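The next block holds one structure in the form of structure tokens; read it before the comments.
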Amino acid sequence: MQILIINGPNLNFLGRREPHIYGSDTLESIQQRLLDEWTPAGVNLDFFQSNHEGALVDRIQEAWGKADGIVINPGAYTHTSVALRDVFASVEIPTIEVHISNIHKRESFRHTSYCAPVVLGQIVGLGINGYSLAVRALIEYLQNQKQERG
Amino acid sequence: MQILIINGPNLNFLGRREPHIYGSDTLESIQQRLLDEWTPAGVNLDFFQSNHEGALVDRIQEAWGKADGIVINPGAYTHTSVALRDVFASVEIPTIEVHISNIHKRESFRHTSYCAPVVLGQIVGLGINGYSLAVRALIEYLQNQKQERG
Amino acid sequence: MQILIINGPNLNFLGRREPHIYGSDTLESIQQRLLDEWTPAGVNLDFFQSNHEGALVDRIQEAWGKADGIVINPGAYTHTSVALRDVFASVEIPTIEVHISNIHKRESFRHTSYCAPVVLGQIVGLGINGYSLAVRALIEYLQNQKQERG
Amino acid sequence: MQILIINGPNLNFLGRREPHIYGSDTLESIQQRLLDEWTPAGVNLDFFQSNHEGALVDRIQEAWGKADGIVINPGAYTHTSVALRDVFASVEIPTIEVHISNIHKRESFRHTSYCAPVVLGQIVGLGINGYSLAVRALIEYLQNQKQERG
Amino acid sequence: MQILIINGPNLNFLGRREPHIYGSDTLESIQQRLLDEWTPAGVNLDFFQSNHEGALVDRIQEAWGKADGIVINPGAYTHTSVALRDVFASVEIPTIEVHISNIHKRESFRHTSYCAPVVLGQIVGLGINGYSLAVRALIEYLQNQKQERG
Amino acid sequence: MQILIINGPNLNFLGRREPHIYGSDTLESIQQRLLDEWTPAGVNLDFFQSNHEGALVDRIQEAWGKADGIVINPGAYTHTSVALRDVFASVEIPTIEVHISNIHKRESFRHTSYCAPVVLGQIVGLGINGYSLAVRALIEYLQNQKQERG
Amino acid sequence: MQILIINGPNLNFLGRREPHIYGSDTLESIQQRLLDEWTPAGVNLDFFQSNHEGALVDRIQEAWGKADGIVINPGAYTHTSVALRDVFASVEIPTIEVHISNIHKRESFRHTSYCAPVVLGQIVGLGINGYSLAVRALIEYLQNQKQERG
Amino acid sequence: MQILIINGPNLNFLGRREPHIYGSDTLESIQQRLLDEWTPAGVNLDFFQSNHEGALVDRIQEAWGKADGIVINPGAYTHTSVALRDVFASVEIPTIEVHISNIHKRESFRHTSYCAPVVLGQIVGLGINGYSLAVRALIEYLQNQKQERG
Amino acid sequence: MQILIINGPNLNFLGRREPHIYGSDTLESIQQRLLDEWTPAGVNLDFFQSNHEGALVDRIQEAWGKADGIVINPGAYTHTSVALRDVFASVEIPTIEVHISNIHKRESFRHTSYCAPVVLGQIVGLGINGYSLAVRALIEYLQNQKQERG
Amino acid sequence: MQILIINGPNLNFLGRREPHIYGSDTLESIQQRLLDEWTPAGVNLDFFQSNHEGALVDRIQEAWGKADGIVINPGAYTHTSVALRDVFASVEIPTIEVHISNIHKRESFRHTSYCAPVVLGQIVGLGINGYSLAVRALIEYLQNQKQERG
Amino acid sequence: MQILIINGPNLNFLGRREPHIYGSDTLESIQQRLLDEWTPAGVNLDFFQSNHEGALVDRIQEAWGKADGIVINPGAYTHTSVALRDVFASVEIPTIEVHISNIHKRESFRHTSYCAPVVLGQIVGLGINGYSLAVRALIEYLQNQKQERG
Amino acid sequence: MQILIINGPNLNFLGRREPHIYGSDTLESIQQRLLDEWTPAGVNLDFFQSNHEGALVDRIQEAWGKADGIVINPGAYTHTSVALRDVFASVEIPTIEVHISNIHKRESFRHTSYCAPVVLGQIVGLGINGYSLAVRALIEYLQNQKQERG
């Protein structure tokens, strides 16, 4: 099982940026923890981070036909990128959107997501644990799908 | 560890109601599955469902000082109940809001939640698995809190 | 043929309440008039009134599999209750929404109905005669349905 | 008793137009059915259909002092014509607005009616039976008025 | 000097229609009074009334190259007709918009006028005297224009 | 003189709930203080609290013909309940709405009240003293009314 | 007959200010022209201009019981002053609002007037001639009122 | 192949009207140019222009079962006519909407079209060449349809 | 104890102005009644009224370091004056806003107050008694503050 | 003649992506078809596609002084990119915006285009034929311009 | 060179008012510092502060033909005064608007300025240094203008 | 002292692009002038321009711990980029936003800035001099900060 973990703009600054909102873990430590948790379970994780909207779109297109699922924290592009919404509608890879902080507690422009209506679901406000829960949810979803088809 | 699982209006009709949106599991089978999964792990689950906004508020007040965490699917009251928002702000029990369907794919009035800004986080669109993920997230959150305190 | 007539909050005060808007008939006299008109025609009428949103939802759930049709005047809940909307979407019993006064002549928040888009239709502003017209419309609708299927 | 039945733009295409919304009856067959039902009851029905907003206004002005009541399905002009609203406010003939389909299930611009606040009431979503119910409601309203005066 | 006086929908009902808003003068008596006042002053007045938006547009197009000025009370089309706005922008005849009642005291949809921004000016709420004031204003405007050019 | 003091949802949690907003008095101590202040003055006070919108409506209907005045803190239902608004319009008992905290300093959805336009007046942000001021205001209002009639 | 002509902020700069919008007449020359026109007709004109909202309110209060009519160009306060609206509602002197330029051709915030709904009427876009037309309209209105009463 | 070219209100004034927006060609010269271009290609063109909304609806209904395609410039009715939208939904003739000027450069009310969502497509801002491009697009569309079916 | 009672624009017209809204007491009689009630209790009252926004701001600045509390009825400036809001935020004198009429029953622009979020609280709709209640509330508030500090 | 054909994000996925909306042609086949059609006519076509907003801006800047015209399908950036709008305003190369699908039939955020008001025109909903029509329109436009200049 | 420095309402309270927002400098010390800085450079500075909107308008009118430039901090009138906007449009003296605090970090009604669109520019959030920067910018602007004119 | 000067999309076209809005200086000449002015004063200036949102974010992240201050003209991304806002909130380097033209005179979408609420301040409409004023303001701000700490 191949799962792609994507992080959008400024998430490479995790641990440095606004620790009262995002906590003190760095992106690297989060990724390591996910590897430690899921590699033994036979899940292949791929990581990608970029501050470029276009690079995120490129990377998701590349995943087409390769990844079984995507976990994405689109960061600021959650609220402004129709291009990301379109690429999810296009590749049709089961995807879960994750937000570390509770976006509904923050500025009103963070309450809406262009991606949410075209992905499977959303995990919001559960800290960095949200990534792990999303991987778990994807695996269970994919196993269910397999059973139903199979 | 004591966790209260609350379901709002019409969720007692799960399995009968709009199966193309909510699937065919009944509330009873969901609750049984949660018991099977979490009782062995030493987690006590309590269940409550009501179609009455006031009864939901009453039940959450009763949980004050007793439950360690709450998982709630407020159903229709998500979008209309300030009373529910206030009771969460009042009891200050760590709470996760769950929606079986992806509310962002549905009518626009379902895109906003009065509760979301005062609870820990939200799990949206991951089917009935959302309840189980929420219990897991609560446990990990509560263990973290304990460690931090000490 | 089994038809349930439901009245929402404050409609038990009909005849006492704002007579320049609602006229001087009481709910009891309206119900008696409906019985006088429809019992001879072999139609069983059941009545329910409550000021509780949850009680209205409970009663409609109970009607599931029993009532052939519902006539409802949701009163104030017309404009605020997503829970009522959801129960109608859930039970799928042919339902007609009735308003005694012409809600389009009143405050702007009374111009929208959460229920209207999920029920069969609406009768507005025709006074207490609206209930009788709704019963008639339901009967003709149900007979049509039967013919088409039959 | 003299009742005028008016149909607005495109309703002369009933039976041909979007049958999944409006059914397969033609305007002619609807009018014939109304004649069959109400002529024996001593009700004179007059019919008028036009695609021209101005012609509808002209016809309603002509009815002034002649018709006892009007049943109108203003079609598209429901949502755009202040001129129709004004003519109803002007002639003060008891009028009921009918919509064959449930306009609250359709595009949001169809949810508002310029006429509704100045007519007696509205019958929505009850199919072509709506016309017959409206005639019945008008007759009962006019008889009530007579009794009250008389 | 050739001035065209145009009245829109329902203004042929003046004197009959909502006298508490519009007073009891008929359109005929208003027109006669204008003739009595302005014919001796050497002003030719032409009158036109229609309930048809298209007929109003047609009539204004015909005035092109013939009328020196237009006084129009567009009635209900004030608030809904872009076609009227366009014909005024097109013919470029100095035009004054008149409203008998004070539209700013009435429903909010009557507070805006599609025509107002493309005509010379507006006279609102001064009763039927508004027509006479508008004719006077037009004459003075045209004389000024002549002087400036001449 | 008979005055009914009603408290809406979560106000039974006063003293426990968000003390930085509502202070540390409990509902019981507030009620005792009101009794101490007004019983000697010959004013009968009745108390009611519920988290149920319907129960609040029921209780106000019961007061019809019995209570001379009502003081209500509708809590969260202030902002969401048309049913409460309707019952006040219905029973026509002089009523004053009280809010302990200054609702205009809080979330924007707390700035509007469905009840305010149908009650006598509002006392906002004056702490628990607001209840006492409201009782005093009611008494003075009722005495004025009596004098005017008498 | 006593008529007060009031001009609001910046109208003392007429002739200097934005001549492409307001023309080159000064306030003094406009006032002189009004005197020349109306003094022979036995009309007493009083003039007042201020840049102070409060001074305009003071002056209108002073006119109470003295002036038979008011012509006001409230300038910028048209769009921002509730105090002016209230003083007109308070003194109940027949008043006509004048705007030299066509405010509907300008910024959208100039399209609404707090005063318009509480005065007799509005004359917009007819240049400085608007003042003269307003005086004439007032005189005719006052004579009509007198006849009706008398 | 039978194609109907319809022009809405004021387009009969092309060449005279606002030449800085619409250019100096008249409707007649445009129609002649289309005939010159498409008659040799075996395409029958029919032309219709009216300032009457109802007449445009009538003409489109007449085309039902006769025309293979429609090119329409609805002029001002683009932004105000639901009746036109409905007739296109009704007759289901492939239709292309043309605007000579770039409506997105003009007043904001011209940026929306009631027709656009129910026709094939839109050509905006390409001058009178838009008509010719629309005819070409229709022909290619109809040939494609034929091939796919055939 | 020094309390300043401020009244905004047009409140000097109380008793003359719109008596159906504000009653027949004059500002002078209200002030006398307050003196009669509070002077014996050892409370010094100072009065100020102005129609000038700037004068109200000046007067409140002067009160800085002198008045213990302010009661203000800002009249029309309630809804339009940020300058008043700023001066309250600046002087930090405990202040209560009073409205004689129930502003929530009136035009929608009267439903919002720039001052309300920066003052202690609001008393609305309780007639001229509102001033007296506000003085009482201020005194009790100041005594409480003293006790807490003291 | 040098024409640049630009495609925005996800259009490299044409043929794979949502075929019910965009059809089954790939971007490569579309480009080949355009070459086949326009190279014989002596038109040089250049192609560019990118998922990067910045890369699209860069490419259009490079075209400055080189390309005679641009055909662009900005994809998702249509609705979110002010940077694209600005580059078109900057380079002033005649440009036509193309959308394969009818954006007015889709989500409301797709109904507005930042680019549309600064380009020549728009072709919407005519499938991949839209590109060819746009090239044709550009050529005719450029030839007209040339003739006019002379 | 003559420059007028104007401060609006409550800025005379600088140093006393909300020091966490505005710092602890008083208006007098700010003005002294500006004199110290710019008098040696041969720049004449004039100062004016008022809490009265009208007085600010008066003072700016007086500056007409005298001042070479204006620096204004309109305080609360930034957001509510069309009269100030109009006087700037009228006198056409180069003007720079200064705000000490970053208004974009504060309440949303402070994010818009009626003056900004008619003055040269705005300096926001740079503390009291903003005044000095504005004087410098004005001088450089005026010198540039002089050079260009020649 | 190390200051980074960043320019967003299309600002590399300065001097070529819309000279009536932005003047005729090129970005290179602006940067040279800043070097000439500030290098002698011991200020190190670094320059960066990109049309790519992601590249701007990357560059600001690189400045973290290196630059003492940032001057940014985000161009079009001012109005659309949450990613830029987030990077400023993240790196916490004192930053001033500069706009050459007065954005408040232009399209309404240019009136809001995602960055403004998270940076120090804004300089708007003062031409290319804005960059120099911003550098000066930053230096003075940094020296102040040093003194306060020091």
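Per-chain residue numbering starts at 1, and chain names A, B, C, D, E, F, G, H, I, J, K and L are given in the order in which the chains are listed.
In this section, a residue touches a chain if its C-beta (ideal position, glycine included) is under 8 Å from a C-beta of that chain, and two chains touch if they have at least 3 such contacts.
Computed from a predicted model, the values in this text were never measured in an experiment.
Colleague: According to the touch definition, list the chains common to the neighbour sets of chain D and chain I.
Modeller: In this structure, no chain contacts chain I and also chain D.
Colleague: Round to the nearest whole Å and give the separation of the Cα centres of chain B and chain C.
Modeller: 32
Colleague: Roughly how far is chain F from chain I, centre to centre by C-alpha average, rounded to an integer in Å?
Modeller: That pair's centroid distance is 23 Å.
Colleague: Indicate the whole-number Å distance between the mean C-alpha point of chain E and the mean C-alpha point of chain F.
Modeller: Going by mean C-alpha positions, chain E sits 55 Å from chain F.
Colleague: If a residue has to touch 2 or more other chains to count, which residues of chain E qualify?
Modeller: 52-55, 80
Colleague: Per the touch rule above, enumerate the chain pairs that touch, sorted by label.
Modeller: The list of touching pairs comes to A-B, A-J, A-L, B-C, B-F, C-D, C-F, D-E, D-H, E-G, E-H, F-I, G-I, G-K, H-J, I-K, J-L, K-L.
Colleague: For a test of understanding, state which residues of chain C touch chain D in their complex under the given definition.
Modeller: 96, 102, 104-105, 111-113, 116-117, 119-127, 129-130, 133, 136-137, 140-141
Colleague: In the complex, go through chain J and note every residue touching chain A.
Modeller: Its residues touching chain A are 8-10, 12-13, 16-18, 50-55, 75-77, 79-80, 109-110.
Colleague: If you look only at chain E, which of its residues touch chain H in the complex?
Modeller: 52-55, 57-58, 61, 64, 80-83, 85-87, 89-91, 114
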